[in-house]
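Next come two complexes, and both contain chain A; in the first it sits with chain B, in the second with chain C.
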Partner chain A sequence: MASTPTAPSWRRMQVPRPLQQLFDRFPLRTYAANDLPERSHHLTSSDLPTLYVFSTEPDARLGLPSFNPACLKWQTLLRLAGLEFRILPSTNHASPTGSLPFLLPPRTSTNTTTTTTTAPPLPIPASNLLTYAARQHTSAAAPDLDPDLPARSQVYLSLITLSLRNAWLHALYLDPSNTALLQRLYIRPASSSRGVQATLLCQLRRAAAEQIANTSSSMVLSTAAASSADAVDEEAVYAAARDALGALASLLGESETGWFFGAEGPGVFDASLFSYTHLMMEFMDGGALSAAAEGGMGTGGLGRMLANWLDDVDLTA
Partner chain B sequence: MVLQLHVWGPAFGLPSLDAECLAAIALLAQTLGRADYQLIQSSPSAVPTQHLPTLHNPSTSTWTSGYRAIASHIQTHPPPTSRDSSSSFSSSTSTPPPRKADAAAAADSTAYTAFLTAHAAPLLSLSLYVSSANYAAATRPAYSAVLPLPLPWTEPPAVRAAMARRAEHLGMSSLDTDAASASTAEEDGGSKRSAMVGMEGWVDVPGAAAVRIRRSSKMAGVAGSLSPEQKRRIRLEGLAGEVLDVLGEVAWEGQEVGARCLAWGYLALMLLPDVPRPWLREIMEGRYSGLCEFVREFKAEVFPAGGELPWVEGGETQSAIGVGARFARGVLAEVPVIAEQWTRWWAGRNRRQVMASKGPRTQGGGDVLLPLGAGLGLTAVGAGVFFYRGLPPFGEAVQVWRKPVVTLSSFGAAGAMFSGAFYGLD
Partner chain C sequence: MAASLGFGGSNVADKANATASPTMTQHSYQGPAQMLDEHLLTPASISSLEVHGAANTRRTLLDHIFKPVVEQSAHAGTTLGQILDSVGVATKKMARFALCILLADTQLLQDIFKEEGFGVFLSEAPRPESTRATDRTDLDISIRVKEKARWAFSAGTDFGNAEGSAYTNAVARNIFGGAETLSVNASTGTRTRSAYNATFSAPVNGNPDLRLSVEALRSATQKPWASHEEQLMGANLRLAWLSDTSDTHALSYSGVWRQLTGLAATASPTVRADAGDSLKSSLTHTFTRDRRDNPMLPQRGYLVRTVSELAGWGPLSGDAAFAKTELEASGALPLSLPGLASSSSKKSGIISIGGGLRLGLLYPLPLGCYSPLSGRAQPSRVNDRFQLGGPTDVRGFKLGGLGPHDGADSVGGDVYAAGSVNALIPLPRTAPDSPLRLQLFANAGRLVALNTSAKSKEKRGGGRESLAMDSATVFRGVKSAVGELANGLPSLAAGVGLVYAHPVARFELNFSLPLVLRRGEEGRKGLQSWSTGYFRMANGRLIGFELFNDL
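Entry: the complex of A and B
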């Protein structure tokens, strides 16, 4: 019996015609998806837009800064954009994009184009947050928050997204002295089971090591895929962070307004830097990362900027 | 003492086939005299840091790996001869405290280094490593030319995998047709099969005809005749533009030597290699003529046509035993289950070795445990063999057969019945 040579052997058997016709009729009818329970609307959304971030219950009630750099950046930017919102603690599993933060618009939207109030509002991923904020913001005093940075700030931004991020990943996830902090922030809220917690810790550590290895090959001490803290060159990671902070401090020293690139007010770049430096000073007391931070920040006004920053942006209000 | 720089060997008409190695060679050639350094053609498996470029300083007996670390090492430990030499470049290496204007230049240099590492490296790996046509025609032969024989079977695939991981976030893995062809062949067979069942029902198409149908359906349409690079050209141009727009605005001649060398390393490998799918070179030549000029001028200035670089032969790692051990380690790192434990242990061992060269000696507990464990295992195996050999070939040497005493009870139920019957009779 001749057949196509590539087909696997178990597929050589033909499906009999009547059976084939019978199964062609399936599915007979597809029902529409059920609506979410009514109470879920009240629990997950309110009259204010809700930003879902990594946070703790009491912190979220007060609107305190999130402990995740990416979430903190967007939280800061939304504040800068003058948007009124509340925050709720959440995890990556809740997000439609698979990562936090995301924003749920208010239940009864002020926009006339939206549908009836019974339909749940569509979540907005992090990449569209600024356009959403700009649309909501009707007053003329909207600050300049263009996410497309000019070339020079893109170059300096890579210091934050590469060097500072790697140092933060290493300090929080791979440094054994911060295991207790890691468990308090990310692991214990996720599950109460010991087995799940141990597995999660392993997975997070491995993912962090892979992230560091993939962004920069010179921080790796292994030719194969890096999957553990041993394969990451700790000294190189912190040396790069120290250099990055020194460079950023000297850049800030050039500016006369106290914000980067001589801007009138804080922008996307300032918020990105703040999201890392604030967390370094908040959580990493006396570790290798804080030593790196002090070494870098001592030369410029970066530390002063951070001290004033919380009041300026009014994050703690 | 003479600094030893371990780098990947030459290719594409350039002194090295890796961007960071290229930058390190250019930096040393510009800042040091010819007598102050040696270039050793190597591979990551031959150096304790497991990464190239690596600088070995015999006077402090330290191993420094990575371009950034090497540049700062040369700044802090300038070789003694270069300080009093009349070389015009050495002035930049021995300026102890940075002045105000220097601080800004140093900050720029740090930022450009980070930008190149974060954005230019993934773009370059798309062109040279992820794209399977370019990898097969240009990159793999280049690696094969610089590695001793069994190593081209283990090392270039590992390098390619690492480079592909670096470019993963750009989402262009479809350029890798090697990986794609396996899945499409399966898909192709599957869809073909179901289509045939739908059309012919019980009738089966002979194999040759089926192949012909598939060919014709594959050739139909413009999409079938385009290479993956041509299909993705617009997205590739966007990705390249994001990086090169930023780099094209910089006046590289005025930058610090560290950032300039690194930029040249990446840009030269984007522009100069002769690859079958030269999309990156076309983009650069079409839109960024300033960068092309910079690459060519820098090459003519730092590596003039007649100029010789101080290459020397490598040490014991180049011998047959050394190469064999490196090959064995490379193979071991590919074995499914063992590989992870093995790489972890090996990375830890190397790390201790590098740390020991840098500072006070740390204890190496794992190194003692390994021979101990291996010794215990060998002893156990030996004891097992000895015991097995001691066993007689088929059970005991002397077989004793005792004649069983025949009583009524040995007949089972029948015997019991009879014994009861006799008992009853008595």
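Entry: the complex of A and C
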């Protein structure tokens, strides 16, 4: 966007050699680079890779779990991968893919020559995070986090990415009883202005309703107003989530190790489920969703996962 | 018996008239000036005052203008001179409605009357036979105006600054008959993806020099120098006035929702950290004193401009809090060189020397607090900081080429100082009034960001846990940034070029070389050109384009 790779031919005029040599003497004097602004210096000059997630400033400082399922999944996976990183509260506007999370490696990693200014690091989207984490690990101690799940897991994965996600979206965005929570998590951090908050709330709700409608055509009551909360069959959404959690619980019960598919340790699938069950229990306390999530979570290693999480946080804090 | 007396027949009125509207009809002197002077002292009163041709203009607006004239003539001792005087003031006021007055960047579209066809006629009223003769002259005053069309529509294109754009504009004049104007603009271009704004403005109390306007705007603009797009949505309320010394002031409140989005893949960490929403709620005062002989090619005179903005203070709230002030001063002097023969300099115009200085400072304030000492202030964001450099700004540098850079992104600074010197030299064998000039220039600038850890050894992480700064830290940071301005030579570029000053636009083609730079700053070696137009001056926008990349 900022630079065109190929200049038009008339721009690539040949400059006579003596003239070029003369021009090369300019500028006559070059001082050291200007310091970056305070905000930038404070936020972006860490020695650690920075994972940009939905979070609050105090939570991020302690490295607490993000309140966004997608962010929490990758945050968990990076911890499982043994990567040392810090998190920074951010918004989808900052992400190269249009949605969080993404990771920025530390500035020093690209410092190769002394003459040119150090190029700032390029962001790493969520899909490449595990590859990045694996590259950072020189020792063989890194746990095996195969991003490619076993074939039969795809069916179960859709239980998480469709049923659980829809239930989470509905509970947080469309259920009026959670409006205060939604505002605390997503709206108020964006702006302190009432007008901006109201607009954002409206936009988020419409987007959530559309998401649910697009992924579950059977749960839409009326196609005419697919973008409104009324158009979504609330009961069907929650029933599907309950069924999904039941199926996942029995699947986990089949495993002898306590992790999905009989793996030795937690993997991508475990992290995906954990990101939803943890948030449902954390924020939807007392609701039907929370109870169902507890049923799904309590039976296996996911509970241990959370315990480990919080132990680690306590150690680092 | 009606002795027609031309409006221009009075010295006093004539003077007022000449400054008000150059095209106003003027009648020549009918008799010796002496006789007229005696006339001016004779008692007089107004018998009738008629305004013709203002069919769409509200009576109250005209009342505001002519009330002083009528009231004054009611006094017994009024002389003809006094009446002519007050008629002059009133017509001057009226003529002001026939001109586009540039009030602090906003062309106030209050031109409800056409400039031509403006006339004032005085005649002695026929006295009824019954009344006894007095030595008092009763006058009939007749003022003729032509109203402009109530609707105007225009469309066009702009090219410049590596951007092409198309715009449409609709203006409704004199909507309620009180010189109220509604102007609606829409434009789209390669860099300004879309921009819409609607402005409604009206004179306060029928005074053409005091106008109140309300504007709503929405735009999306690419900012390639910092790899993002900024979307704005907001409104502002503005009071603009022309002082007696013909300086312009404007006081405005604006509330704008800014969304920094659409980041390029290569956007720097600085820009990524600043992406997202923010609301700026601010009060701004602008002062302009323009005493230049020609804004496009100034050879004599000076311009002073200050902009002061207060955002997020006390009840303003919002998301950004700072005090921001900018000062711009520039002047030009014609130069008479003793070595040059006066005949030759007369033949081809004169050499003039110009100079300019601009200063700016952004001081972070605690959000929503009344005192800058209480509470903690957030450091500035990229869309609040100053940018410096570019063909219309500091020549010889790329757009936003000066100041802190994060990779390729110009991330802006909180304090700046920039100065320029230029000489305009007439080209040989051109007419004295030729708009083409040779230009020699040198300009320098320094743009520094507030950074509280810049001086300390602790470069990474920072000692502070939170981003917010207490008042002592802010003060220390700003002080050190101001001190940094004078650290070493300023970034400097010099060059030579051609200037063409068309009545509606100014074009420049310059060759320049950077002399002093900071690492990361982007100077331009070679040719750079720009133009600024009056076409879209309503938006205060300069258009420029660059012909060649670095040689």
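Everything below uses one rule, namely that the second predicted complex is superposed on the first by the 238 of 317 C-alpha atoms of A that agree within 3 Å, B and C clash if a C-alpha of one lies under 4 Å from a C-alpha of the other, contacts with A are read in each partner's own complex, and residues count from 1 in each chain.
Here is the rule we go by: contacts are C-beta pairs under 8 Å (C-beta built on N, C-alpha and C of every residue); 3 or more make two chains touch, one makes a residue touch a chain.
Here the structure is a predicted model, which is why all the values come from computation and not from measurement.
Once chain A of one complex is fitted onto chain A of the other, the partner contacts of A:Gln20 extend to both chain B and chain C. When both complexes are overlaid on chain A, the residue A:Leu162 reaches chain B alone and has no touch with chain C. Legend: residue contacts after superposition of the two complexes on their common chain; A:Asp47 is shown touching chain C, with no touch to chain B. In the superposition on chain A, the residues of chain A contacting both chain B and chain C are 1-3, 7, 11, 15, 20. By the touch rule above, chain B contacts chain A in their complex via residues 20, 44-45, 49-51, 65-69, 72, 103-104, 106-108, 110-112, 114-115, 117-119, 121, 155, 158-159, 161-162, 165-166, 168, 185, 188-189, 192-193, 196-197, 201-202, 204-207, 210-211, 245-246, 249, 330, 333, 339-340, 343-344, 346-348, 350-351, 354, 358. Residues 222, 224-225, 227, 255, 257, 259-261, 263-270, 272-279, 281, 317-319, 367, 378-382, 385, 403-409, 411-414, 447-454, 459-462, 464-467, 469, 477, 488-489, 513-521, 523, 525-526, 548-549, 551 of chain C touch chain A in their complex.
Against chain C, in their complex, chain A makes its touches with residues 1-3, 7, 11, 13, 15, 19-20, 23, 26-47, 52, 57, 61, 88, 90-91, 93-94, 96, 104, 107, 117, 119-123, 190-193, 195-196, 199-200.
Interface of chain A with chain B (complex): residues 1-7, 11, 14-15, 17, 20, 151, 154-156, 158-159, 161-163, 210, 213-228, 230-231, 233, 235-236, 239-240, 243-244, 246-248, 250-251, 253-254, 299.
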